[in-house]
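The structures come next, written out as structure tokens.
You will see chain A twice below: alongside chain B first, and alongside chain C after that.
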Partner chain A sequence: MLNNAFLHFLTRMLYHQKNKHIGAILISILVIFLLSAVLFLSTSLQTRVQKTLKGQSDFTISRIQAGNSISIPYHWVDKVGALNGIESVVPRVHGRYFFTPKGKSFLIVGVDFFDEQNNKLLKSIVGTLDLKVFLKQDSMLVGSGVSTFLKQHYFKNTFTFKTPNGTFKEVHIAKVLSSKSNLFTNDMIVMPMHLAQEIFGMMENEITDITFNVPNDAEWDTVIEKIYLMFYDVRVVDKREIQKAYESLYNYKGGLFLVLFLVVIFTFILILYQRYSMVYSTERKEIGILRAIGWSINDILKLKFYENIMIVFVSFFWGVVLAYGYVFFLDAPFLSSIFLGEANLKNHVHFLPVIPFGLLGSIFLFYAVPFLAAVLIPAWKIAVTPPKEAML
Partner chain B sequence: MNVITIENMHKIYHENSTEEFEVLKNINLVVKKNEMVIVSGVSGSGKSTLLSLVAALEKPSSGKIIVLEELVSKLPDIHASKYRAKHIGIIFQNFNLLESLSVETNVMAPLIHSGLTFSQIEEKVQYSMKLASIEHKATQEIRLLSGGEKQRCAIARALVHNPELILCDEPTANLDKENTLKFISLLETLQELGKTIVIATHDPLFDTLTCVSRVIKMENGRIL
Partner chain C sequence: MKSIWIFSVLPLLLSFVMIFFHTQWRENTSSETLINIVALTQVVTPSLSMDYFESKELCNINSISSTYPEMDTLTRMDYVYAK
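For the complex of A and B:
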């Protein structure tokens, strides 16, 4: 139990010796800040992936021949829909449209705007959309990266696509997709399916992929098997694979940083240990004096423990708070480009605030335990030497 | 009543090595309650070591040291700390104060683990600082004090827990004449308060003081 006198002495010690601790506190804050920022980033990205995939269809069928994607006949939609256990079968047209003058590309997704599944998804990323107005003329929804890029190149309300047969197609920009979904929709253009078919030079009875849901999880593998039996040249991707791919990508990047920072923590702790055990003679003298005036070894260790646990808490608190601000308010400049990679169009991702309490707890332990050990072990070594010797 | 009893005590540094050095040889000494004993001798005669052994800051190689009926020569570490915290007040030659802290906090230090309440501790600290005439510098940091003020702070710290035995190791070595005289007058007050005082010094001024009960001469680790 801490009494008032001990607390008074402890706070006096910390206040008067603040210059002694400031270096350790600043380095600790920096290391905790970097570690927490990486953790916040990777957890936020993973959560965003999970949330986005939640609204997506369970499966996507595409057709592959000789390693290349080819179009799917429209009547396959009915064939897939006829299988037992399958719901919400939706045809889609998608592909990359290259804006050759600038070497950039857009991901065009052509969907049926009257389909219930598509409508739900669109609502989540674009809000309310008046379909009557939207479909009155050739319109599209663009990702915020596309919107910025087009504005920079003087396409304010419309953009003209060049079709493979040499004609031009002017499409009205109806709305910009929410920047919250930038991780996926930054370079995306969503438009009616017939428009996408026209831009890609496809026939009306051709699509690029079919999406569908299987409500019963236990049936997933059976359904995949049935589709492979029905169509010999298709590839079926389920959303678990996509989720795993993203998670492992962010885990891998985050893990790399973690290893790097753990090495930094280890080095810092080593330096701290050396500082306390060898160089710091005033520390030795102080311990010797306290022992000489009647403090026991336990009393000394108690003082050093509380002194340093306060340093640990202060550093940890500020490191985490600064990292939170850096990632969730400033959107992690520098670090975000490392995590998201080189983007086709400049991407400004707003990170979803998520606090991984478990991981933060682990960082605290990884940092606090070696920190305290680095201080307490040398302090204990000094405390057990005869006070007269320590005071020299 | 005997406050200190030392019997056949030896202290050897670097025992069983080529650098073995016997710093105290067959010491026998008795100090009675309320005595003021001066241990004098040249540097290296063993006076400071004798005081550290009485304070249980180190252990003798052989022999017995009994202080206030407690065998301190064999005290385990935890008991040695308690013994110092309860019975001993030490004034060191170079004061050994916590330089970055204030006078008040330094004086308070021996009472932190005493179990007293904060207000009781504050009361004792005020009394002790007043006794040592340093209360006007209570909030001042040690590193900003003069030698004499540091000395008074060390005295206040040595008295704060009301010890029966006060050990002074070369207390006037870093003081000018004026401060030395002030210190001597304070020692007289302490003796009047019933304290037993042992002073290790080579300052000849102490040999002539009327309040001094005995002067013990030391040479090459022996009491003459």
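For the complex of A and C:
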């Protein structure tokens, strides 16, 4: 039946009845666009975070008191470093600084700028930076979100921090971190470790937590056990847990939209089914005429199948392409705030283009199969009735 | 003629633009910057725009789900990023 005459009839029919299909196509495009955009976003963020997590140390030790994280004495770094199988032990000083007048907060990270490795990394991140000038006065590097916020509030070259002692600390803004790294550095301020300690009101011999690597995977459990035996009030978190947590977070948010999609698709399919199975619908007459002029039930089902599979493909293609453009060309305005939040500093992220083919395939099946069923089942019901009855 | 353009030429053009953009994305540059920043700061938390007093638990997963027991609770992250 798939000959030239059949194809000609099919295309003529699609063209003449375009107004009938346009509603279904537009609704389908909208639903697929929304779901694909959310999935593109969540997959892109997940991929980016998982890729970057590779640079993170294997373990982090935090000290816990009454369920809250507290400072760690600096000499613990040497104690941890003395354990066998451990390397790259790094003390961290970090925390959030709350800017009370505007109710916004920044993430302050203290870095040891005298470390040779850190120096190299710094050069690759910010390019030219005269460290002598940077360290001569109290200076900091700020993320682009922080920079925009400070400029908006007339802090052009310096910012004054209020320490817990009630004193003020004026810090020079040396450079702005690249907007390419906005996903991690939008609200970040990088400064020398001693300055961060001063702003947080910490003593010189206090740090926030300790990170370290254990190159041999087989030793991971032994090392954790040793740490717990050495200190009784610590929590050791390994990289795999953080990886899992982020995976769950983005799956959870994407999953919410998937549930919504299923509800919308189900409603849409019900409406379609109702439309095709209406007693006085034009569909009945059309099928009755075709049966009367000699078309078999099989031919009618084929016609309906090809007609609707074209609608499915067109809607799916446009939905996915528009979602791709919206997320990766336009950086998903409005929708990105669901994943990145907007309560603090505004973040503008360029999303890493990732196409989740498996997920798109599933969406296609979840959409195409019920869609075709909602059209073909009523069409078959009409086709098996005598043409005279169908045309009534 | 208009519909032919919309249904055949435009999708083809868009597909080419999409494929070109996807293959030409300079992923290495931005990835390298991010990996270097993580190596320097040792902080790998995405810069989520959240309230200062908002809990770091971004969704209400406080207990292990019986239907998906492999999923880790997000509260564990608080020990690392609580401050």
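Keep in mind that, in the parts below, the second predicted complex is superposed on the first by the 351 of 392 C-alpha atoms of A that agree within 3 Å, B and C clash if a C-alpha of one lies under 4 Å from a C-alpha of the other, contacts with A are read in each partner's own complex, and residues count from 1 in each chain.
Throughout what follows, a contact is a pair of C-beta atoms (placed from the backbone, for glycine too) under 8 Å apart; a residue touches a chain by one contact, two chains touch by 3 or more.
Quick caveat: nothing in here was measured; it's all calculated off a predicted structure.
Enquirer: When the two structures are superposed on chain A, do chain B and chain C clash or fit side by side?
Expert: After superposition on chain A, which the two structures share, chain B sits beside chain C with no clash.
Enquirer: Looking at the overlay, does A:299 come into contact with chain B only (first), chain C only (second), both, or neither?
Expert: Only chain B is touched by A:299; chain C is not.
Enquirer: Touching A:387 in the superposition: chain B (first), chain C (second), both, neither?
Expert: first
Enquirer: Taking the superposition as given, does A:95 touch the first partner, chain B, the second, chain C, both, or neither?
Expert: second
Enquirer: Could you tell me if A:8 is touching chain B, chain C, both of them or neither one (first, second, both, neither)?
Expert: Once the two structures are laid over each other on A, A:8 reaches chain B alone.
Enquirer: Taking the superposition as given, does A:291 touch the first partner, chain B, the second, chain C, both, or neither?
Expert: After superposition on chain A, A:291 lies in contact with chain B alone.
Enquirer: For A:144, is the partner it touches chain B (first), chain C (second), both, or none of the two (neither)?
Expert: In the superposed model, A:144 contacts neither chain B nor chain C.
Enquirer: For A:69, is the partner it touches chain B (first), chain C (second), both, or none of the two (neither)?
Expert: Touch partner of A:69: chain C, not chain B.
Enquirer: Is it chain B or chain C that touches the larger share of residues in chain A?
Expert: C
Enquirer: Scan A:17 for contacts with chain B and chain C and give back first, second, both or neither.
Expert: Touch status of A:17: first partner only.
Enquirer: Can you give the closest approach of chain B to chain C, taken over C-alpha atoms and in whole Å, for the superposition?
Expert: So the smallest C-alpha gap separating chain B from chain C comes to 15 Å.
Enquirer: Using the superposition on A, tell me which residues of chain A are in contact with chain B and, in the other complex, with chain C.
Expert: Overlap of chain B and chain C footprints on chain A: empty.
Enquirer: Chain A touches which residues of chain C in the complex?
Expert: These residues of chain C touch chain A: 3, 7, 11, 14-15, 18, 21-22, 25, 27, 29-52, 54, 58-59, 61, 71-72, 74, 76-80, 82-83.
Enquirer: Inside the complex, what are the residues of chain B that reach chain A?
Expert: Of all residues in chain B, those touching chain A are 52, 55, 57-59, 77-78, 81-82, 84-86, 88, 90, 92, 96-102, 105, 108-113, 116-118, 121, 141, 157, 161.
Enquirer: Under the touch definition given earlier, write down the residues of chain A that touch chain B in their complex.
Expert: 3-6, 8-9, 12-13, 16-17, 282, 285-286, 288-299, 384, 386-389, 391
Enquirer: Mind pulling up the chain A residues that touch chain C in the complex?
Expert: 15, 18, 45, 48-49, 51-57, 60, 62, 64, 68-69, 90, 92, 94-96, 98, 103-105, 107, 109, 111, 118, 121-122, 124-125, 143, 145, 177-178, 180-188, 190, 208-209, 211, 235, 237, 241-242, 244-246, 248-249, 252-253, 314, 317-318, 321, 324-325, 328-329, 337, 340-347, 350, 352-353, 355
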